[in-house]
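The two complexes that follow have chain A in common; it is paired with chain B in the first and with chain C in the second.
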Partner chain A sequence: MDTGELRQRYAGIRRRRILFLLSLVGILILLTGISVTLGSAGLSVGESYLAIIAGIFPGTFEVSDLAETIVWDYRLHRVVFAVLAGFGLAAAGTVMQGILRNPLASPFTLGIASAASCGAAIAIVLGAGFAGGEYLVVGNAFLFALLAACVIYGMSRYHGMSSETMILAGIALMYLFSAVTSLLQYFGTANQVQEVVFWMFGSMGRSSWLKVAIVGTVLAIAVPYLMLRAWDLNALAEGDEVAASLGIPVERSMAIFMLIASLVTAVVICFCGTIGFIGLVAPHITRMITGGDHRILLPASGLVGAVLLLGADSLARTVLAPTVIPVGIMTAFIGVPFFIYLFMRRGSSRW
Partner chain B sequence: MRRLLLLCLAICLVLPASAAIPGDLDGDQTVRSDELSAAILTYLDGRYQGGDAGLTQQEICDAAYLCEYHDGRAWSVTDTSGRETVLTSPLRRVVVFNGETIETLRSIGFDTTRIVGVDKYTSEKTAFFPEFTDTANVGSVWSPDYEAVLALRPDAVFLYGTTSKSSCDGIQETLAASNPEIRVFRFDCYIPGTYMQEVREIAEITDREEEAEAFIGFYTSVMGEISNKTAGIPESERPDVYFEYWHDYQTVSNGSGYDEKITLAGGRNIFHDESGSSPEIDPEAVIISNPDLIIKLAGKSLEFGGYKGTEISEFKTVYDSLTARAGWDHLSAIKNGRVHLIHSDILGGAQHFIGTSYLAEWCYPEKFQDLDPHAIHLRYLHEFQHLEGLTPDEAAFTYP
Partner chain C sequence: MVRLRAENLRFSYNDKLVLRDVSFSLESGEVLGLVGPNGSGKTTLIKCLSQILKPEGSVFLEEYDLKKMKRQEIAKKIAYVPQYSSKGSSTVFETILMGRRPYLTWSVSQEDEERVAETMTLLGIEEFAFRQVSELSGGERQRVMIARALVQETGVILLDEPTSSLDLHHQMGVMSLVMRLAEERGLSVIVSIHDLNLAARYCHRLLVLREGSVMGCGSPVNLLTSEMVQEVYGIEALVKTEAGIPYIVPVKPVE
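Coming up: the complex of A and B.
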């Protein structure tokens, strides 16, 4: 095999990867296009789109007030939020699995999600928190998620930053925070317990344009930065020694990546509850198809996450309409069979 | 000889099935007054003159009780789980796991000092159950404190009839295994369809039939008037009701107690046919169904209002957030000002008839002009709950 042949092969792989990425973008656009027309109000496809356009360019079309309200105040931000949340959770999961070199690393196994639940439970049951009013639960969930990330970082810092320490620390934290949540549920009233359970189910129904803007801003900063440092991620994924020999400050980079992944996770789940599964499975699904190069893996798995969450939420809204099934349940129903299918087809090899 | 054998066999078959009657000397399953007198004389003789006292003091009391109230015979009661219990003595030390039954016991004038253990939710409701602040707490049906229950040496335990069935079945089995003497009764005491029957059965257990009839009269006068006035109204003329839990966009459907109460009050729940008893609903569906009446169970995990009576101003905040929802200004309920908040303290539980009368008033303001739910509420508290000191503000339960 000469160099020319190799180059050709590599170009082929590259083409396939870019094709995959483009088709993901295509699927996401298509899915978004479909899901903005779905809803119990029974607006026709045309009405839905006219309402969208009329909202952007006021005065261009005559649409009923009602259609515009439904599309803009209820439907559109939910769809956009699902896309952003899915992208963020999947990207964060990819980073965590990459730097920790562990297939089980995700916001869930690292205790970040259960810390967020714990913060929410404290706000719901004790009414205590860092923010007031409407943002009490959200603020608490966010801060506890970050707190968990800091504790993991601190513990592994103290004991040397190996990926095993981080994961063990994360799992230990997960149990601790779950225990606190259970304790609060034990002392809470029946209604408070129900509220906590609802929060943990996860729901896109809590989205709003403000929340879309907040998550969007965080992603707009975090994702380009991660993309810029995709090579460092690749090196770290090969092992600490490899990364160090390539001149990457291992501990500092790991800390920064962990922090960014935690921040993205926290900002998403504090608004929509613990939709954990996306962060674990979207990176795996993508890695099976694209391989481990983070330059492509990161955006692709973000897109897979967005497609999964938006698809799940759209189904959750429509299968039993007007009843909405909790999106966390729907995500697992869609994602797990797909994941297992890919897994079985691929056979056993490196994750 | 053969006849004797048959008789023995018959006695063997009959005896274990029925509980022993205290003071029944001749074995006819009845303690007559002459048997009671003899037993008392023997007891006094033994107690003060020395000798065999025969029955214990407790057994003498039981025998006297049976003579007085049940013609000297055991009596039996069937609870909501369908299980028949034979009683040979009154309830003296009672543990109750559901607050609804405690409330019902109070309604029929049962001596609450005999309730020696209550569930944790009841002991937390100090405003409504002030007499149980120092009563032993036995946990909840989901995490019962068996040691506490057994240490209280109860002779009767009350559990839910159909709610939390597996937990209550478990408690019943465990108690039966540790002390078969404990009589376990299963009643829900909050379901409109079965409540009156349950009141009658609890009254039989506690021998409070007369007081129970008074309470049943009161309850049926309220619920009966509502159903009389709403029964003939055809489906098409009933107001469409959107009912929302304290959790936004969570509604109720077929199978939920709140749905049943909307129907009793003559309303038509727009999400009656959804699956699951409390589904989350697509906000668009509410706008499209354009309900005539919107009712919300007061918000924020019900942390305000009710008998606790705290933060009543929150009602207005929740109300304003409802009317300000995007697109809701199109709804006829909002346009006509037919939006109401109600606290679950008077819509769930044993007080559902108070909440149902509010619902009826909101569904048909003209038909129920003479209905005064707040007066019903106060009469219930003062006359039947014997809470003379409790006169809550109506604003703590409904808005506006």
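Coming up: the complex of A and C.
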């Protein structure tokens, strides 16, 4: 094989990856239309798309007020929130797995999700928190999630930054926060316990356009920054020492990447409760298909996460309609068998 | 021409002193073998030279003090191949491309791709360019890591025990490649290595470390004596010479 042939084959691989990325975008658009149609109002897929387009570009199409109200006020923010949440959780998981070089790293195994639950439980049972009123639960969940991330980072830093320390510290924290949550449930009233449990299931039912805007803003800052530093993520995935010898300020970069991943996770799960599975599995599935270059892995993984979460939420709304199953349960039901199937087929030699 | 000069390098992990005033110099086009028993400070010295660890004392690169250089600049001057390479999910091509990181903008230029492709051909690893690094054998992976260091286009390459997990054929393959690169391209190479016979065959000079101190530095012929081997490794050994290259016949450990 000569130089030209090697470069040609690399170009071919890159073309296939971009095609994969585009097809994910296509699936997501399709799924959005289907998901908006689901429900008791009997809108057709065509009507739903028209209502979406008419809302974005007023005057382009004639849509009934009913269709527009149902789509824009009731359904679309839930769909968009699911897309953003799935993207955010998967992107955060990708960054954590990359820089910690550990297939177990995810917002769940690092204790961030259970810290958020604990914060929410404190708000629900004790009524204590950092923010008042409507944002008591959300504020607590958010701050506890960040607190957990800071504790893990501090501990591992004190011990010299090995990825195993970080995961171990995270799992230890997970047990601690779970214990606190259980204790609060033990002393809480039946209503409070139910509210805590329901919060922990994870659900898209609490979405709103304001929440979409907040999560969207965080992602709009975090994702381009991560993409810009995709090469640094690639180098860190090869090991701290290799990254350092390639000119990367390792400790500072690790701290920034961990902070961003934690922030994205926290802002998502404080609004929708703990959805642990996406952040662990979407990066794995994507890595099997695209390989480890974060320039493509990061956006592709985010899109896979978005497709998984939106798909799971759509199913959750239909299988037992009119009862809506919490999406956190649904993601595990459809994702885990698929994930195990992939690993059985491909072998787990690489992650 | 002296390319790299280390002066009084000291380093300690917590309170344990691992390097004690290590000084030496490295010429261009030279392969310097770093030998010594386990725990003598070979790996630490290599990490200090590449500024992955920050030692006391100074490392000068063509008269520039490394302490005053930025990481990105050092990455264009010194490449490092760790003893244990990661088994990442990237292809061989992309892993080697990572060596271009000090020069890369976000997208990959034609020059970057050409450097990678040429280097692969040079090391004979082009046929598995698009396999996963994790699927390769130890010898193949070692060549991939050396290729990554080469596309970094540095004057100095530091190799930490590149032969430790290889069979005899691949050990000689890697070491003769290293020697060839040094002699043909004027690269300065420091390689830590356990096998004294291999070191004597492929290194221009040896630096002997014991408990973090330099026990001697010079050509294999002058340096490798049965007294030296006994003092450093605590074994009784005969040192013979064949075709101008010394080799060691171990006899027994000294109690």
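Throughout what follows, the second predicted complex is superposed on the first by the 326 of 351 C-alpha atoms of A that agree within 3 Å, B and C clash if a C-alpha of one lies under 4 Å from a C-alpha of the other, contacts with A are read in each partner's own complex, and residues count from 1 in each chain.
Criterion: a residue touches a chain if its C-beta (ideal position, glycine included) is under 8 Å from a C-beta of that chain, and two chains touch if they have at least 3 such contacts.
If you're wondering where the values come from, they're calculated on a predicted model, not measured in any experiment.
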Should chain B and chain C be called a clash or a fit once both complexes are overlaid on chain A? fit
With both complexes overlaid on chain A, does A:66 touch chain B (first), chain C (second), both or neither? first
Using the superposition on chain A described above, determine whether A:75 touches chain B (first), chain C (second), both, or neither. first
Computed vertex angle (chain A) for partners chain B and chain C, CA, steps of 10°: 130
Let me test your reading of the model: by the given contact rule, A:237 touches which partner, first (chain B), second (chain C), both or neither? second
Touching A:85 in the superposition: chain B (first), chain C (second), both, neither? neither
Between chain B (first) and chain C (second), which, if any, makes contact with A:312: first, second, both or neither? neither
For A:42 in the superposed arrangement: first (chain B), second (chain C), both or neither? first
Shortest CA-CA distance in Å separating chain B from chain C in the superposed model: 42
Residues of chain A contacting chain B in one complex and chain C in the other: none
Chain C - residues contacting chain A, complex: 47, 50-52, 70-76, 78-80, 82, 85-91, 93-95, 98-99, 101-102, 104, 106, 110, 113-114, 116-118, 120-121, 126-127, 129-130, 132, 134-135, 152
Residues of chain B that touch chain A when the two form their complex: 121, 124, 143, 246-250, 271, 274-276, 279-285, 287-288, 301-303, 326-327, 330, 344
What residues on chain A touch chain B, complex-wise? 39-42, 65-66, 69-70, 73-75, 124, 127, 186, 189-192, 194-195, 198, 203, 205, 317, 320-324, 326
Could you pull out which chain A residues touch chain C in their complex? 1-4, 6-7, 9-10, 13, 101, 228, 230-231, 234-235, 237-239, 241-242, 244-249, 287, 291-293, 295, 349-351
